[in-house]
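Presented sequentially are two complexes of chain A, the first with chain B as partner and the second with chain C.
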Partner chain A sequence: MNPRTMPTSPDTTPTTTPTLAVNMPWLNWRQTLNLLQMEAKLDLLTLWRTPGFVAPSLIFPVMFYLLFGVFITKGGQSDYLLVTYCCFGVMGPALFNFGVNVATEKSQGWLTMKQIAPAPVSAYLFGKVVSSLLFALVIVMLLFVCAALFGNVRLYTSQWLGLAGLVLVGTLPFCLFGLWLGLTLSAKAAPAVVNLIYLPLAFLGGLWLPIHILPGFMQQFAQLLPSFHFGQLALSVIGRDLPQPWWQHLFALLIFTVVFGVLASRAFRQNRSV
Partner chain B sequence: MTTPYIEITDLNKKFSQHPVLNQLNLTIQAGEIVAILGENGAGKTTLLNILLGLLPADSGEVQLFGQPVSVLQQSMALRANIGVMLQQASLPGNLTVLEHLELFSCYYPNPRPLPELIQSCGLSDLVQQRFSSLSGGQKQAVLFALAIIGKPALLFLDEPTVGLDVAARQAFWQQIRQAKADGISVILTTHYLEEADQLASRILVLKNGRFIADGSPATLKAFSQTRQISCCSRLSQQLISSWPEVQLVVQLAAQLTAQKDNPAAQHLQIHSSQPEQTLRRLLALDEQLTDLTVSSVSLEQAFLHLTHSKEHSA
Partner chain C sequence: MSSKTLMITCGSVLMLAAFFSLLPTPDTAKTPAATTAPKTAEPASFVLGPVQLFDGETWQGQRYIEVQQGRISQISENPIQNELPKLDGEGMALLPGLIDAHVHTYNDALELAPQYGVTTVLDMFMSAQLMKPLQAGRDETPNQQRADLYSAGTLVTAPKGHGTEYGMPIPTIETPAQADAFVAARIAEGSDYIKIVYESAKAPRKMFPSIDEATLSAVIKAAKQHGKLAVVHISDQQSALEAVRAGADGLVHGFIESRVQQKLLDLMKAQKVFIIPTLAVHEAMTVRQHNNKYVLNRADLKLSANQRHNLKQGFTQFNIPPALFDNLLYNTRVMHQHGIRILAGTDAPNPGTAHGISLPLEMLLLQQAGLSIDEVLKSATSVPASSFGLKQAGLLKVGAKADLLLVGDVKNDLTALLTPHKIWKNGVRINPIVSAEASKVSAGLLADFAQSRKTLQGLGISASSDSMMQGQSSANMSWIAEGYQGAGAIRVDGAIKPGFSYPWSGLTYLPGKSMEQGADLSTFTTVSFAIRGTPGTYQLQLFSAGSMMPVGADFSVSNDWQVIKMPLSQFAGAELSAISMLLWSASPHASKPEYFLELDEIHIN
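And now, the complex of A and B:
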């Protein structure tokens, strides 16, 4: 049966009763664009009006980069650490906007309201991806400016652009990771759990300190972390010599993307019928 | 043949071996305003969640507008025909009322114009306020506006006035009456009898997963011929409750009702299906009986009586 076909309204219905939609026209492209824009705008506004999100996600990467990448190492690793702090920085909005905010919106019943309303899930996710990416872009720009001004980092234009593009696209597995966490965790547990995952993931993946100065067993362990492969792949953009070829890291990230995607969509289906 | 808006056949639902809905049957036609009445835990919200496709049924058939409820998940058009106010739903607090309304109106191809909706839901002064700054009644008004923003044919309201003060509740009832006047069918769960009495054209009483009563407020009252007799008497509760026509005897707290001149007397409330008979007995056995009143029972009392008597016979 065509699910968009509604039964015709009964002919004995009182005249005041609204007629049920028959072959109801669904949103046209203009309305769809409008919806996507509205979801993105409102998700961005929600984030922007949450100081507890804006301040740490913008300030921490910049502060850490200036501290470790510029002042402590006297700029010796400023280009290497620029790349890894970019990765660290963009993971934040992805994990928190999806992990914490989805958990909150789920427990508020807002997600359920959208599921009952004819709201496409894709539009909701689109809004969250856009706002996470915009925050990520601001973080990357801030880091670039700091690197160029204080870290004396000089890259080719193609490298600046390539790095920015790669770290933005590379947020996708972390968006899906966050989405899975958000759909699984309670609103109360989510902030703590996401922090407990985010910070070790960054440190153990070699995003705070170069991975080669960590002990050997930690370098081995890092192979299991998406953050490690993200960082290494990004480093390959600025032409760093790496122990492993770049395509291995790309392959690992793709596998993480698929795994988190499957976990998230399964969690979504379970959530739908709870 | 008219297609009922809702048709439920032999619905069963258990939570960890505990039956919540038990061989439930229900048909709701277009234009009805139905109140589903029941105590907490009677299964009202479970029933609504199954009707909305949020919970799977264990067995039985659930149809919405003549289609299986599972179609809801795929069909945007079917979903556009229903509006919902969930129990204790909330919205992100740092968005304004207007922003929430704008977003939800994007979900529908043909939504109600916002100025008209804001006016009719009494939100004109609130549109620029953030949701978190609203009072309980104002929040419910916003959630109600979201429920009707897509011009639904059928509106589900799950205990919409819990926790509201009298004025906010009255204002909310006015909204529901307006929806009724606009031709929207409403299914409302509540444990306030006055609410069901005021709004509904049909009242269903849910108890232990079954409908134990189904009728208009008037028929539900008439269902029970019971009168309530209140008096102060020395007669024991046991004796009175042994009379066949007496359905219920309640003894009010002694310290509130003790009388100086008649310390043995207790204040009793008696529900009787044959009040004249009960009165004759009372007056014959207790010459010092005082404070006698006989009243018809309220819908609330009829409802209590119904649920109690079913409990005893079970």
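And now, the complex of A and C:
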């Protein structure tokens, strides 16, 4: 993992406070690997034992896709909507695992514990990224099976792979967005606020209904949303994106990644100084 | 990292790889729409007239019609004055593009159909995978140079029932409880209506296993609940009666074994059941005169080798008495007199039929059965459109797609349909398909295999078996140094086993420069070759270009080399002007499946 992609705090002194960097001189690579593996395993276990997280994040995208992508539209848009519901689906674990769970763990003091423990906080965040990605992968696979069986979607293997890969990598800005929310929101407010952001973000970004059937002003507004660019970039894999160059979407997503990264790292420092 | 973690990692990677490789990919078979883009299309906006307009229901008299963006925008008694190009109708008859209510779509079916004015086809069983892309565009007016497709997709049949014998694996149904899910799956695949194959347990002759009456009823009920028509394939009166009783919306075949009884007539009338009698394909099973009379014996009709070949075929293996065809003509006439809707459908490309041209031939048979010319025209336009709920075909009115057929005096003579003057699909003129010339072959040696497996003429020789159709047979080819009278021959070691409906195993030789056009063997009289192998009877089969139905003749093989001379006249029905393939095959009736053959010195003279 490149340490620079994680929120870093530039004003730390490595000897007194643990930094976010992974290169810890007191751990060899085998120990580092064990640590990361352990963090990922623990976070995954935590998620798995939270049915309130597992069920909705797995069931909602599949249910919505079957409803809108297969039955209501009679499969006419099953390939287009597969892509957008994949985007919608993977945003869920990213926003909730970071947004809601970080807020909860912060209020329980677990985050402070992590911050003062000799193990780096970056390992904790790494664990969350891994578990979010694993959930995202399961969601994507479930959607692919539904699309192939019920939506009669046929894509080249390169497209199936490309779509899965792109959608997984594309969760990163939403992980950072979630992290920022989790660090700034209280544990009580987090679930409501994250929902309030997640669902409109998906709908207005054209992930529930194709963007081109929304009114013109909403299409204009969508340009401001990361979900829109995420969806369009993914749609370019099957050649169903709007006539707008793909690199603009990529650029927009990079900007969102940087912005959310900066916001999250600032919130992180504030949290520690409390 | 421990070895356990490593194993888990590798396992996960392997499982992911398996998952992604199992996801379905697009069928790479060519979508015909892309292959024949017209070079010069007349504008999709124009004014045509004066014409004698038959709008699908009645003759309207002399009219001018205006087409804009592929749709009819105006129909007028007077000349239309505007800036659009004017096309002279020369007072000919203008009909809606015809609808063939019973076809099976593969290869270039949709391109061949509009050559004879068939601009919409109702498919009654095709590959569900190929169907979806071909259904596209039927609600709009793209420049596509092909017919619009409506399709049943996969048919509903019992395990090993009719429809399963073509080597294409399809889902089957056994019990009424499966009906709803089965129908829902067809609709999810894109089926426009549900086609069911049914044969009563009391049917006079049973050809295939069939679903039972309870399952038939359940499937029809499920189709209706999903808002789809249920049409039934039957081949005898008893099955027809049970299908109508079960609530079928239509029958996609007539029956020839008996004359229709009042009971069935009353029931069909009361329940408004339509019928597609498919006279042409039944005529080809029985009388086999119709195609000769109207098409094959006419020098002025330009037919492709493939069309000629298909129209010459018949279901000879059934040995049906020709007189039974009169029953079908009678049944069609009486049903029509009782007000039962008759739809023109060909069952192309079954033996004796070809896409496009067989619809005028079917219409001529409907006239022979006793329908008036106007009723025949309706049976191929407005009647199938209303029966199948097609909103985009069968009627010429303002707003309809400009699927137009300009023909001579069809009002008095249906044979005018065999020489259509001009055809438009979505307002775009249909260009004639120019079939490429078959390759020329020189008399004498085709192959001697002296040095290698390479042949002297044609594309070459290879092993072939029904394993390519999921059959059980096998064949392996090798070159051997010791041939007939010295150097070199080809050897095949194989086994012929039941599995596919038409088992084969042996050697295929392609005499032409391409499989599509084949080679012209019409100037020759004899094919000869040297052969030895496992003693027994074998078959030489000739394939005509574009057709998968060979014509075969038997020959005997012994342990010693012998030269077999076969007159080409033995292969009656093969289109010698375009032979795509010769197949030396073991016989499925051989006493034991394993065999070997050595083949050398193939001559044509």
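Convention: the second predicted complex is superposed on the first by the 248 of 274 C-alpha atoms of A that agree within 3 Å, B and C clash if a C-alpha of one lies under 4 Å from a C-alpha of the other, contacts with A are read in each partner's own complex, and residues count from 1 in each chain.
Quick note on the criterion: a residue touches a chain if its C-beta (ideal position, glycine included) is under 8 Å from a C-beta of that chain, and two chains touch if they have at least 3 such contacts.
This is a predicted model, so every value here is computed, not measured.
Using the contact criterion defined above for the overlaid structures, shared-chain residue A:35 touches chain B, although it does not reach chain C. Looking at the shared chain after the overlay, A:244 reaches neither chain B nor chain C. Of the two partner chains, chain C is the only one touched by A:160; chain B is not.
Comparing chain B with chain C, the partner in contact with more residues of chain A is B.
When the shared chain is aligned, no partner comes close enough to touch A:270: not chain B, not chain C. Residues 1, 3-4, 6-7, 9-14, 16-21, 24-28, 31, 34-35, 38-39, 42, 45-46, 49-50, 104-105, 108-110, 112-120, 272-274 of chain A are the ones touching chain B in the complex. Put simply, chain B touches chain A in their complex at residues 2-3, 30-31, 52-56, 65-67, 71-82, 84, 86, 88-92, 94-95, 99, 102-104, 106-109, 146, 150-153, 181-185. Contact residues on chain C toward chain A in their complex (touch as defined above): 1, 5, 19-21, 23-27, 129, 132, 187-190. On the chain A side of its complex with chain C, the touching residues are 30, 33, 37, 70, 74-75, 141, 144, 148, 150-157, 160-161, 164.
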